[in-house]
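All chains are identified by letter, namely A, B and C, in their written order; residue positions are counted from 1 within each chain.
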Amino acid sequence: MGAAFDTIAFKASLCDGCGDCMKTCSEVKGGASRLAIVPGAKEGGFELAICRQCGDPKCVQVCPSGALAKDGDSGVIGWDAQKCVDCLLCTAGCAYAGIAVDPQAARVAKCDQCDGDPACVKACPTGALEWRRAGSLYREYGDKEDLFVPGLSGCQGCNSELIMRHAMRKIGRNSVLATPPGCIPGMGSVGYNGKTGTKVPVFHPLLTNTASMLSGIRRYYDRIGRKDIVVMALAGDGGTADCGFHAVSGAAERGEKILYICVDNEGYMNTGMQRSGTTPYGSWTSTTPVGEHLKGKTQDAKNLPLILTAHKCRYVATASTGYMEDLYEKLDRAVEASFEGFSYLHIYSPCPTGWRVPSSKVIEACRMSVDSNFVTLWEYTNTAGLRFTRSPDNPIPVVDYVRTIGKYRHLDAGQLAHIQAKVDEQVALLKLMAADSPSPPAAHRAPGGGEAPAAAGSLSGPLRQEIARN
Amino acid sequence: MSDVKTGKVIVCDGNEAAAWGACLSRPDMVAVYPITPQSSLVEYLAEFIADGRMSADLMDVEGEHSVLSVLHGACLAGARTYSATSAQGLAYMFEPYFRTPGLRLPMVVSLVTRDAVSPTCVWGGQQDAMTVKEVGWIHMYCETQQEILDTIPIAYKVAEHPDVMLPVNVNHDGNYLSYGVARVELPDQQVVDSFLGEKNVNWHACLDPERPMAVDPLTGGSGGVGPATFVRYRKGHCAGMQAALSVIEEAHADWGRRTGRYWSPLIEEYRMDDAEVALVTIGSMTGAAKDAVDEARLDGRKVGIVKIKTFRPFPVQRVAKALSKVRAIGVVDRAVNFGWNSGPVYQEVLAALYHLPVRVPAMSFIGGLAGADITVEHFAGVVDRTLRLAAGEAANGPVWLNEND
Amino acid sequence: MPEAKYLLVGSSHAALEALRSIRQFDPDGAMAMLTQDTHPPYSPTILPYVVSGRSRPEAVLLRDRTFFEANACAFVPNARAVGLDAKAKTVKLESGETWRYQTLLIATGAAPAIPPVKGLDGVKFHVLRSLDDAKGLRSAMGGARSAVVLGAGLVGLHAAENMAEAGLSVTVVEMQGHVLPGYFDAKASERIEAAFAGHGVKLLLGRKVVEAAALDGGHSCRVMLDDGKAVEADLLLVATGVRPAVDWLDGSGVAIDRGVLVDEAMRTSVAGVWAAGDVAQAMDFHTGKPALIGIIPTAVEQGRIAGAGMADDPYRKDYPGGLPVNTYRFFGRVALSIGQATATDGVEVSESDENGYRRIVLADNRLVGYASVDQPFDVGVMGELIRRRVDLSQCKDTFIARPADTGRRLMSEQWR
């Protein structure tokens, strides 16, 4: 895998221009802020100037003194104050004003990502700035052995292959993998006619008995002292929530030491996009079609991970491929927990084919599903209870997410209101559950909330600081 | 014989005998879910495990579907496995049941046979086992409590034989055998251990990181190597079934040498040497049939019995040969073959008779459904009717033995 | 005969970038870099800082032996190319050695242009193009009390500042009417000129040197100006510009105007031969005609494109045309310019004298040039707005009122 690095991401829609990031940066770095929030095109909107730590950095290439270099490990473009002759050619190389003149020091200044712990992100009260560690995670896992054959035949844009390959890269060869009927073996995980699709022991359980077969495997390996094998499933939502639920529930109740990963694409997509118990309200599917009398699914989805918490599992968590660092952390904990008890990881994964989402928009859809609280990211243990791993505060309207998905194209205002109400209800319930659990992460403030002073045109303190920087 | 070791004698019912048979076979895992009339069997197993008499992992799971599923997993990991079920439990188990022989998993599962709902009933009958006869398991039917106990280790020997590698149902009749008490001799553990030897249940297909492989890839289809590959699996399965015929005989003989108890492996011929008519029986009904035949013999009527022990694979040649000398045959079933308006064993026997150069008249008798008794008197009636058949009276049937009870 | 699939002649920005570009596509094709220099690669732009003592000569080297080993490239110093046989695909060196190539990059840069001044060849004068030149000038400064600099371009002004700061009495003679012609208009230049005057540097603008003579047995010199005046000094620096180093290409068949003519892929007129950097005369962004734009950003871009072409990388992009860029520091102050910063005809100009000087040049509601003194701006951001020909009609007033914020905003929007 090629180089990929951690990055400070900016979500313009959440920025209220408070300037806390710049203030903090300036304090921490003892000089001008290394990032600048500037007024956006729309009233009240904001944009960001910051070093993007380019992969092909022109600032480095044009530097005559060798003072700039991209670090091969962190990806950070470092600035050597000793070597720099203050010629400013680097500023001509940067298209994003990521390296600019600090007027006080009369030298250039740029973001160094605070050695992987950026102060601006911690200072951001709305979540507009985010420290995204996907890059180093990709690098870490890119170095590990890929345990699937090349050329799995998934649909273009499908995230299941990403989940499969990366999960198994992490877990490694000392594992037994169940991939029950569905898209994952449909892609070729178990192979065809005598040929395997993976390098680890892999099998098709029945759609209905995944958790039970794994229970038997785990118990026998424990019996003969081979306790370090990860016994796991990469299953779909239909088999897990519907016809295989008895097995999941039974194994969870018995506390079987297995890792059950459910890849939820909200229906029976491999067989042609039929409705499942986890298909959300309003969805078009091939068995909840849209016509004169029917307008998609008329029932709400069952919340499978929440049901699993009622089993007092060792570990239950939700994840999304839109937030890979969160997913990876949970995968770590889920693997660990699977040696102690039933460990359940529910990964929301859009189906570009069945949901009518362009393949290029799948990750965006993932992120919007989380940002709108349609999907919530949390984890649960039977000792610490439930906690959000991403704040559900200040969501974007669900309609913004729903509009990106073709299977909701037909929804009327009433249906949209129903979905929003169910999302709010679900979050309220989760918040109640989380309230009793220790130390939830600080909730983000709403962008444009009461304390937010700035807007385009009315330049407040931090923005004046920004002007001064020029 | 000098190497026969006589074991401890106990008095127990058929379910306990089965539990002892399982216990002595030292499975690594036992998965259970209760169902009448099997329930006491799994209670005995749980008790054995609780008392430390048996070292298996006990999997109390949420239903029969998972009973067989956890055992699939364990077996693919290398475990010797055991369970027992009946009727609705077997029906619920059917999905993984169907898959077991295809995966060539050498498991042993007792079927405590029971009539199938509906009409709702909870009593003995063989409708459950007979319904699954075409799935590809080996089926053996026991006549007595002792035979139940002895047949379970024999079943493991057969199942795990490299030429066979197929699951075995050891069947005993619900109620009559499951709850009926008799004298049973427990073989010495060492005898069973040396009889079974080292287990190797997953040499052909395993889920083991040390021997990574895909178990059961998508197979078949109309292109490429698909058709030939699928046929190879199905043909291999049939070959395993046919190989089992001789393996079953060898295993029974071996067991006899070690315990002194020689059970008829495929069929038992009772007073067939000079028989002019024959009854065909299966399971525990055979005891009453033997009494009826003994009484008929006292009257000078030359009647014998062919008891089917191994129903799958069906011992076609043995059955045909045994029945080749008689002039009429009465087949008594404890289940119904709805499509043929007869008993299922009757239909099997007819198919075997096709191998004979002459046509032997035969009639179907159905009795013992849903716990009803088939008494000596019922069998005396069967003998009478079969003799009349031999004498030229036209066949009619099926005859429902308990129709007027 | 040594041979390389990729032969790079020259060792500065263009050649280094070509190396990187080739290696992105072809990790192990045989490569060699030949340079007339005796040192590992460095940038000519760094030399004024070596002169001032701010940079130690050994600290300005851009690549070391490890780099060349890691990139499987033979680095050959002291290898001055003297001839190209494009038919035989060979390059002849001064040493007599001949290299065979499959693809060749001409990246020999530029050499100081020495004006035809009477008597100059009898005077010991300095130029500033190589590290050795810089060391020589620095050492000469130590024993001098006065200096005269011919040319008020970047090299001349940098050196003049360095020498003035070192305590020398400095005179700069420039033919044009103001300093840094081409980069800055008269108003901007005035501020720079005032700074030099304020630091005691005498600027003689609009003056030509007509004669030079050695004095004191060669320890000092005198230059005669076209107005009849004379200037005497211990040290003479000739900084009247550079011209592409193309002499070695005589008779090779490679088409040359003032520099080596190249197309949008940096190919010369001869198959298998590319050129990039100060030696190349490539398309100008604004005029679309071949021009000499001897700055690092164009050298880098041309080197990358040439390298991609040499490696036959299918993702090679065409050269969009060179854009003049200048970032100039003087006495701690800043002067910046990009694009057609001095244009006056057919353009819309916005000038401001508040908090420094700023000149924004627009054409057809698009930015075409930007210059400032004492008011730093994001040169790269403005460069992108020019290169992408971003339509500013929706935000022109905002842009002129707050160019930095607006430019940053526009580019931030591009990122998504």
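Convention: a residue touches a chain if its C-beta (ideal position, glycine included) is under 8 Å from a C-beta of that chain, and two chains touch if they have at least 3 such contacts.
If you're wondering where the values come from, they're calculated on a predicted model, not measured in any experiment.
Under the contact definition stated at the top, no chain borders both chain A and chain C.
The chain with its Cα centre farthest from the Cα centre of chain B is C. Measuring from the average of all protein CA coordinates, the nearest chain centre is that of A.
Taking the mean of the C-alpha atoms as each chain's centre, chain A and chain C sit 47 Å apart. Chain A and chain B have centres, each the mean of its CA atoms, that are 55 Å apart.
Rounded to whole angstrom, the centroid-to-centroid distance between chain B and chain C, based on C-alpha atoms, equals 95 Å.
The touching residues of chain A, counted against chain C in their complex, run 10, 12, 36, 38-41, 47-49, 52, 58-59, 61-62, 64-66, 82-83, 85-89, 91-97, 100-101, 103, 106, 466-467, 470. Across the complex, chain A is touched by residues 13, 17, 43-46, 49, 54-55, 59-62, 296-297, 300, 325, 327, 329, 332, 334, 336, 338, 375-381, 383-384, 395, 402, 404-409, 411-416 of chain C. Every residue of chain A that touches chain B in the complex is listed here, in rising order: 173-176, 185, 190-206, 208-209, 212-221, 223-224, 229, 246-247, 249-250, 253-254. Of all residues in chain B, those touching chain A in their complex are 28-29, 31, 57, 59-63, 65-66, 69-79, 95-96, 99, 206-209, 211-221, 224-226, 229.
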